Structures are given as C-alpha cells and as structure tokens.
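Shared chain: chain A. Partners: chain B in the first complex, chain C in the second.
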Partner chain A sequence: MKKGDLLAFFVFIFVIILSPVFSGSSYALTVGIFSGINALAALGLCILMGYAGQVSLGQAGFYGIGAYISSILSVHSGLPTVLCAVSAMMVAAVAAMILAVPALRLKGHYLAVATLGFGEIVYVILNEWGPGGPSGFGDIPHFGFFGYTVDSTTGYFYLVWGFVAVVMFFSINLINSRTGRALRAIHDSELACKAMGLNVAALKIKVFVLSAAYAALAGSLYAHYMTFISPSSFSLFYSILLLMMVIVGGITNLWGAIIGAVVITVLPELLRRFEELDVLVYGLILTLSLMFFRKGLVPILIEKIKKLRGFAVAKH
Partner chain B sequence: MLTVFLQFLFSGLTVGAVYALVGIGFNITYNSTSIINLAQGEFVVIGGLMMWFFSESLKLPFFVSVVFTIFAAGLIGLLMERLTIKPLKNPDLLLMIMITIAVSIILRGVLMFYFGKDPYVYPSFTEGEPLSIYGAIIQQQALWVIGITALCIILLFLFFKKTIIGKAMLACAVNPTAAKLVGINVSRMVMLSFVLSAIVGAIGGMAITPISLMEYDKGPMLAVKGFCAAIMGGLGSNRGAVLGGFIIGILESMTAGYIHSGMKDAVALMILLLILFYKPAGIFVSKTMLQLRKF
Partner chain C sequence: MLSIKEIWKSFGGLMALRHISFEVKQGEIKALIGPNGAGKTTLLNIVSGIHEPDKGEVFFWGEKIVHLVPSKIARKGISRTFQLVELFGHMTVLENIMVGRYARTKAGFFSSGFKIPFVMKEERETRRKSEEILEYIKLAHRKDELASNLPIGEQRVLEIGRALATEPQLVLLDEPAAGLNIRETRDLGEIIKKIRDELKITVVLVEHDMDLVMRISDSITVLNFGEVIADGTPLEVQKNPEVIVAYLGEEEEIQKGYNAHT
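Let's turn to the complex of A and B:
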C-alpha cells in the first residue's frame, strides 16, 4: 500500500470506530448501515469502470442474486448466514462469468445495454419466481458468526463497515498490484495491452466477476439486515444509483466510491424536509455537482490538499 | 386463433411505434453528439401531460394544443442543452450521460410537483367506432399512433437527406472538426438535435396517451425500451431504431398474450441480448463502423 492510502485507511478505520459514538440516534446509524452496503457494491463498480473501463448497468442484478440466494438458503436450509453469504457470492460470480464471456466483447453503449438487459431479466425472474413474487418475503435471520447473532444497530453498523474496510483493503492492494496496473493499461488502450501480450479478455472477465461478488455481498448484508426483501429494491434504479455514486465520488479513486455512496445515500434523507419538492432538489444537486465537480469529489479534494501543501512548502 | 394473433400484433405495433420514436430520439442526439440522452423518456411524458394541460385543463382547441405542446417540449430540450450540455468544455461522455440522467430526475420532480402521481388521459384524436379486421378490434387512436410514427420517420428522412440543416447535422455526426472547418456551427447543430429529439419524443407521448394513459414516472421505462430499440437496430441508424422498436413491441405483446404478462420485459431483453451477442453492433451497423466510434 502507498503511504497516502495507508494514512487514509487509518483515518477511515478511526472514523468507522467513532461514528456510532457520535451519531446520536439509531436513525443516523441506520442510514450509515445503508451507506456501507451501497459502498460495497459501489466499490466493485468503481474497479470495473474506473480501472478496467467497462460500464455496467446490471449491478442491481448481482445485488438481487446476493440478497435472494443468501436469504433463501438461510431460511430453508438453516445454514449459518456466513456460509449463505459466501454461496450467494459464488452464485453471483458464476452468473457474472456466464454473462461476461459474450457481453465483454461489446463496448460502450452496447455493453451498457447488455448489462442492463441482464439486470432487468434478473428483476423479472425475482418477480415471477422469487419467493413471495412481487410482494417479497420476510423472516430472514439476522447475520451471525458462529452462533453469535448481530441484531443491534450498532453491531450491524460495525459489521457492515468492517466488511467495507476488508474489501477496501483488498481492493487497494489489487489496484496497486500487477493486475491493477494491467487494468489501468486496459482502460487507456486495449490495443496496446494486447500487443504487450496481456490477456485482456481474461482480465476483464475477472474484474467483472469480482464486481459481481462485491454486489452480492452487499445484497446479502442488505437482506440479513432488513430481514425482509422484495424485488423492487433490485430494479434498474439501483444500478443507476450505483453509477451515480461512483461518478459523484470520483471514478478514478476507490475512496470516491465510498464517499459517493455515503453522499448519495445520505442526501435523500437530508432532503426530506422539502417534502414534495425533494425529487426536484435531489435532481438539481446531482446536476450541479456533476457539472461543477466533474472529476468527482475525492479527486478534487486530493488536488486541493496537494495545492495547500504546495503553499505550505513554498512558505518555508 | 387468427383474431387473437392479430389483436396482439396490433397492440404490439402500437407500443412498438412509441419505442421506435423514442429510439429515433436517441439516434438524433447520438448522431450529432455521441451522447445518449437518457431524459428521452421524460419528453414522451412531457408530450402527454402538456397535451392534457393545454387541451383538457385550458380547453384550447386541438391543433393549438398540439402546436403549444411541441413548442414547450422543444423549449425544454433547448434549455436542457444550453444549461447543462453546452457549458461543459471538452466533455467526458460518461459524465454527460450521467448529467442527462440527473436532468431526467429534475424533470420528473417538476412533473410530479405540477401533475401529481395520478395518471392522465384525454379523448382520442378522432371519435368513432373501432375498426375490426378478422375480428381483431383496433382503436382508431392506434392507427393514429402508427400513422404519426410513419409520418415522423418520413419527415425526418427528408430532413436529413434533402435540407441543408439536416445535412449539416449529419456532417457534425460524421466528423465535428471537419464540419466546423467547412463553416457549420456545430454548437447550434447540437442544440438543434436536442430540440428535435425532444419534439419527436413529445409527439410519441401525445399520440399514445389516449391509449395507455400517462403519468409522471413513465419516462425511465420508455427510455430503456427506446434505448434497447435503438441498440437492437444499431445505434445511429434510424431504420434500425424503427425495426428494433417494432420487434420489441411485438415481442412484448406476444409474450404477454401467449406466455405470461410478467415475462414480457424479460423475453424482449433476452432476444436483444442474443442479437447483441450474435451481431455486436446491432442489425444495421457493421462491426467496422462500430470500431470507428468513440463510445
């Protein structure tokens, strides 16, 4: 890990540990839990888009597969929830692999539509054949480790963000590894990569599978927190929301995915006071932030900090 | 047997016509900017709701309402381009597409604020008995929808092939730098493409509302279907969008009729995926052409 990332990571852990202490209400913590769940899915999409340069509008499909497989397994087979989550991630990974082989030959808008089609097909399947159909099903057990069940809000907050921290740690290392450098090279020029002897297709598929597994983990955590799920949470709208998080946070930086997820999750809660106008204000804020913070919040923040440091150094 | 089949076919054609118009709307902006304007579905909703506002709420005569609706939709398209797309210099495509999504959220917010969440409807353009072909019942409005779509396609074809402005817009699509060099005002062409696509969408909305009602949140689904239609035919190709729209519309109504109404979206999208995997650039666009594109 690079020095900057390491420092950021420590600050991140510190913030996670302290936030329940200062949050004040369980409502704020609940919003925090949803931010964490979204951050997991957004991280996968960020690696896929920002580093491998592939668009996906089907992440909600993997998110839904994660939630449904994990909850069906835990309700019907009584397996420990950890195993259910792992199996859900594996199912999503296999689905991603099957989709990726033909889909990743496509580019740009065409890839976007192919993944969108996949997401919608999952959505329809959940509606038609998922337990409870469109109205969903409940009584999903809480997440637990080895006989210990996490059912307090604070506990779940730590659980979700613990997962985010682990996934983040793994992802930062991945990005700075040989694979990560290869990914960025694909983003810049696929042709050059092929000429250098990189197996571009295999790498793209791997990243796609990884992003699907992250989304499935997020879905599983969502299901075991809500204890009730219905297909409407896994529609195209969620895929677009994830895209928005990654772009608002800054597509070229993994921390952007986390910041973006928090901002996009918290924003509608803050806008509740506008009542009927909340959708309008939400759209306005999104439009303006996309127009004026084009690189995304995190890259802009980093630039600002670097500038300030430049001034400080110049003074001495 | 034949009656039922014809019934499904006609309802498929009617819905497909609207998808085709939305798809053409996507193509118009895509061709001149490479942007996919995902607020395209909102223009259909604006068309339907504005028409209701002028003809039912203000009780204006039919033709005046139509003109006002077209004018309003065009104005919204113009404002959208001037306020959000034009200010961005050396734009990133993905960012612009996200901005169109954000604008669609604003439009939805405004529509919900003024019209609420109820569906709206107004009478068909012409009154009269529905037609009957081999026992299949066809509403007159369905013929209006299909006819208006056909008229739009013909007019657009003439516009792009015969008028100097249309040719200039196509030139921007092929090569913006070269277009600029021969003295075409590229920025104005981009603006025009947004206005034109907004109007095409609104026309679809005006025509379909008497049949399928219109509410503020119909936009995204229409945009997705129209996008699929455009992709199926090959992005940028108008005859592709028309064919794609009708294929998706007919598949949907056949699936809903013969298999199960909940499956209609899945089957249409499955066919789309298969077409894309077999012919990655869509039906009417060749692979070499695809490689020349930025996105």
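Let's turn to the complex of A and C:
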C-alpha cells in the first residue's frame, strides 16, 4: 500500500473500532450497519466503473442473488451461514460471468442498458419464483461463525465493517497491482492494451465478476441482519442508489465509495426532521453536491490537502 | 524473421492492399514508406493482429500469425506504437511502462489482492525494470507525471518505451516522428538505432520523414495504392523510377534526404 492509503487504512480501522463506543444509540449503529453493507456493494461498482471504466446498472441483481441464495440455503439446508454467504457469492459470480460474456462487448450507454435489463430480470424472477413471491419471506438465521451467532447490533456492526475492511484491503492491493494497472489502462485505451498483450475481454469479465461477488456479499449480510427479505429491496432503485454513492464519494477513489455509501445512507436519516419535505431537501443536496463537487468528495478533499501542504512547503 | 506473403485486404469497395509480399530480416531497421493512403498503417495493423487480411499469410519465425488476436501476437514478441498516440493518459509515465510489463509477469486477481510474497517480489522487479527502461529512453525525470501532460515528442518516446517493456523481438513504429521538431526527430533516430544496436530488436518503421528514413534504415519497402512498388536499400529505392513517379513533387524531398545522409 502507498503511504496515504496505509494512513487512511489505520484511521479507518480506528474509526470502526471506536464507532460503537461513541455512537450513543443502537439506532445510529443500525444506520452504520446499513452504511457498511452499502459500502461493500459500492466498492465493487467503484472498481468496475471508476477504474475499469465499465458501467453497470444491474448491481441490485447481484445484491438480490446474494441475499436470496444465502437466505434460502441457510433456511433450507441448515448450512453454516458463512458457507451460505460464500455460496451466494459464487452463484452471483457465475451469473456475472454468463452476463459478462455477451454484455461486455457493449460500451457506455449500451452496456448500461444491458446490465439494467439483467437487474430487472432478477427482480422479476424474485417476484415470481422467489419464496413468498412479492411479499418475501422471513425467519432467516442470523449470521454466525463456527457455532457462534452474531445477534447483537454492536456485534453485527463489527462483523459488517470487518468485512468492509477486508474487502477494502483486498481492493487497494488489487488496484495498485499488475491487474489494477491493467484495469485502469483498459479505461484509457483498449487498443494499446491489446498491443501490450493484455487479454482485455478476460480482464473485463473478471472485474465484473468481482463486483458481483462484492454485491452478493453485501446482499447476504443484509439478509442475515434483517432476517426478512422481499424483492422490493433489490429493485433498480438500489442500483441507482449505489451509482449515487460512488459518484458522490468520488468514482476514481476507493475511499470515495465508502464515504459515498456512508453519506448516502446517513443523509436520509438526518433529514427526518424536515418531515414531508425530506425527499425534496435530499434531492437538492445531491444536485448541489454534483454541481459543486463534480469529482466527488474524496478526490476534492485530497486536492485540498495537497494544496494546504503546498502552502506549508512554500512558507518554509 | 517476419515474412509477409501475398496479403490482400479491402475495406468495403476500397482495395487497401494487393498481393503484398516482403521480408523483414532479423536485426534490420526496415522502413515502410509511401504516399498517404498507400496502406502502410493497414499493413502494421495486420501484422499486429488488429485487422485480419482477406487473403495471405504473415509468418513470424515461420509460424502463421494472421489469425491470432492482438494480445497473443504481442506475447509472441511483436510490439508496436500508434500513429495517433495511444498512451494511458490518466496514468503516470512510470505506470505506462509498468503496464507494458503485463505480458511478462504473472500476478493474478487473488494473489494481488492478498499480496502474497511472490507478488511483492514481482512488483518490485516490475518497478525496477520499468525505471531502467525510463533511464534508457531518457524519461526518468518525468516518471511521476501523467502521460497526457507530456509534450508530443516525449509521448512518442514513451510509447516506444512501453513497447520495449514487453520484451519484443520486433517493434512496429507507426510514424514515430509525426509532430516532432528537427531536434526531437534526431533524438528519436538515435533511440531507434540504439534499440536495434544494443537491444538487438528488429524495427519496422512507417515514416514520412525521408531524412530520418534514409538516415537510419537498412532496407526500404515502398507502397503505393496498396501495392509494393519497390523494395531494396535506401540507395536502390531512391533511384527507382517508379518511386520517383509515386513521389512526384516529393522527389526532391527524397533527394534532399539522401544528400543530407551522404
């Protein structure tokens, strides 16, 4: 890891550990849990869009697959939830691979529409054939490790953010590696990538699969926390929400995905006091932030810090 | 090392290349010249696998390569640069070279993500080799700048450096001197000679700058309207009457280049 990332990572771990101590209420912790779940899915989308330059409006589909497969397995087979989550990630990965082979020949808007179509198909399938149909099903067991069940809010907070930390660690390493460089290179020039011996098609499929696996992990954690799921949580709206998270946070930075996820998850809760006007204020804040912070919160913050440092150096 | 046999290629109704055949010998600098639209870039695209010819074969060390995808051809040891520079603009100069190392390194998704020891070793090696290449092409002082911020002359040199990073046996340079001033062109000529003499890399050069072509190439193939009209040493090509006709109005240019050379 680079110095900046390493420092950020330590601060991040520190914040995770201390958050439950200072949160004050289980309500705040619950919002924190949802932020973490969203951050996982947003990280996948961030690598896919911000680094590899591929669009997806179908992440809710993978999120839904993750939630449903993990829940159904844990309810019916009695497998440990960890294995259910892993299986769910695998199923989502296979689905992503099947989708990616034809879809990733497309670019830009066309790819967006193709992935949107995928998300809708999953949504329809969950409604028609999912247990309980549109009204969903419950009694999903809590997440557990080797006989130990995580059922307290604080425990679940640590569990979710622990996963975020691991996924973040993995993602930072990936982005700064041979593979990550190749992904960013594809974003700039596919032609040159091919001439450098990169198997562009295979790399695109792999990164798509990775983003699907992240989303499925998020979905699984969501299901085992809520213990009840219905298709409405996995509609196109969720895909759009993830898109907003990575864009608001800053699509070219992994930390942006986490910050974006937290902001977009927490904001509606903070706006509760505006009562019926909350949606209006929410929309206004988003519009303004996109107008004035187009690059996203984290990249702008980094620029500011660099400028301040520049001043400090100039003064000396 | 490279032999091109009876290549035909048309785009719609336009016949871009007609029964093109010639050889590139190991260790030579081969120039491919001809007026605009003669089919030079098309030919490079066929050799590097971007286009497939309608008919004909390309042999690299006796092996047919026309049906291979570009990335496979690159791994076999043929690298290239582009007429319109195709750098990774959002990445630094050093990172551009490091991407060039891709085909010669191994780290995958999982090994990179969990940073297992061999990956770290390989990464250090990649960085070291890439920095070496930057020293070699004299761009080391630019290593942390974004590639898109370099002036065009340095961008073209960086593209050559990135091609070198793939450890090629043959590099295809598509108009490397386009947009360069006289001094930059001279330096470029030095680099091209250096990679042939020191790194023993064979070079195929598509170029309009006759001065450069006459100065550094060992043999020249002239294309006009998709056909080979001359093939030989710079001296032979300049005397060829067909070449002079093809370059009507530019013949002085050729002569000038020759005079400057002698």
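Throughout what follows, the second predicted complex is superposed on the first by the 316 of 316 C-alpha atoms of A that agree within 3 Å, B and C clash if a C-alpha of one lies under 4 Å from a C-alpha of the other, contacts with A are read in each partner's own complex, and residues count from 1 in each chain.
Simple rule for what comes next: a contact is a pair of C-beta atoms (placed from the backbone, for glycine too) under 8 Å apart; a residue touches a chain by one contact, two chains touch by 3 or more.
What you see is a predicted model; the values in this text were computed from it and never measured.
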item: Which partner, chain B or chain C, touches more chain A residues; value: B
item: Partner chain(s) touched by A:Met291 [first = chain B, second = chain C, both, neither]; value: first
item: Partner chain(s) touched by A:Phe170 [first = chain B, second = chain C, both, neither]; value: second
item: Touching partner for A:Ile17 - first (chain B), second (chain C), both, neither; value: neither
item: Touching partner for A:Arg105 - first (chain B), second (chain C), both, neither; value: first
item: First (chain B), second (chain C), both or neither touched by A:Ile247; value: first
item: Partner chain in contact with A:Ala182 - chain B first, chain C second, else both or neither; value: second
item: Chain B versus chain C as contact partner of A:Leu277, first or second or both or neither; value: first
item: Touched partner set for A:Ile125, first chain B, second chain C, both or neither; value: first
item: Complex interface listing, chain A residues touching chain B; value: 49, 55, 102-103, 105-110, 113-114, 116-118, 120-121, 124-125, 127-128, 236-237, 240, 243-244, 247, 251, 276-284, 286-287, 290-291, 294
item: Of all residues in chain C, those that touch chain A in their complex; value: 48-50, 69-72, 74-75, 79-80, 82, 86-91, 95, 98-103, 105, 107-109, 112-115, 119, 122-123, 126, 162-163, 165-166
item: Complex contacts: residues of chain A adjacent to chain C; value: 170-171, 173-174, 177-182, 184-185, 187-189, 191-200, 206, 210
item: Chain B to chain A touching residues, read off their complex; value: 36, 84, 87-88, 92-95, 98-99, 101-110, 112-113, 220, 224, 227-228, 231, 235, 260, 262-263, 265-266, 269-270, 272-273, 276-277, 280-282, 290, 293-295
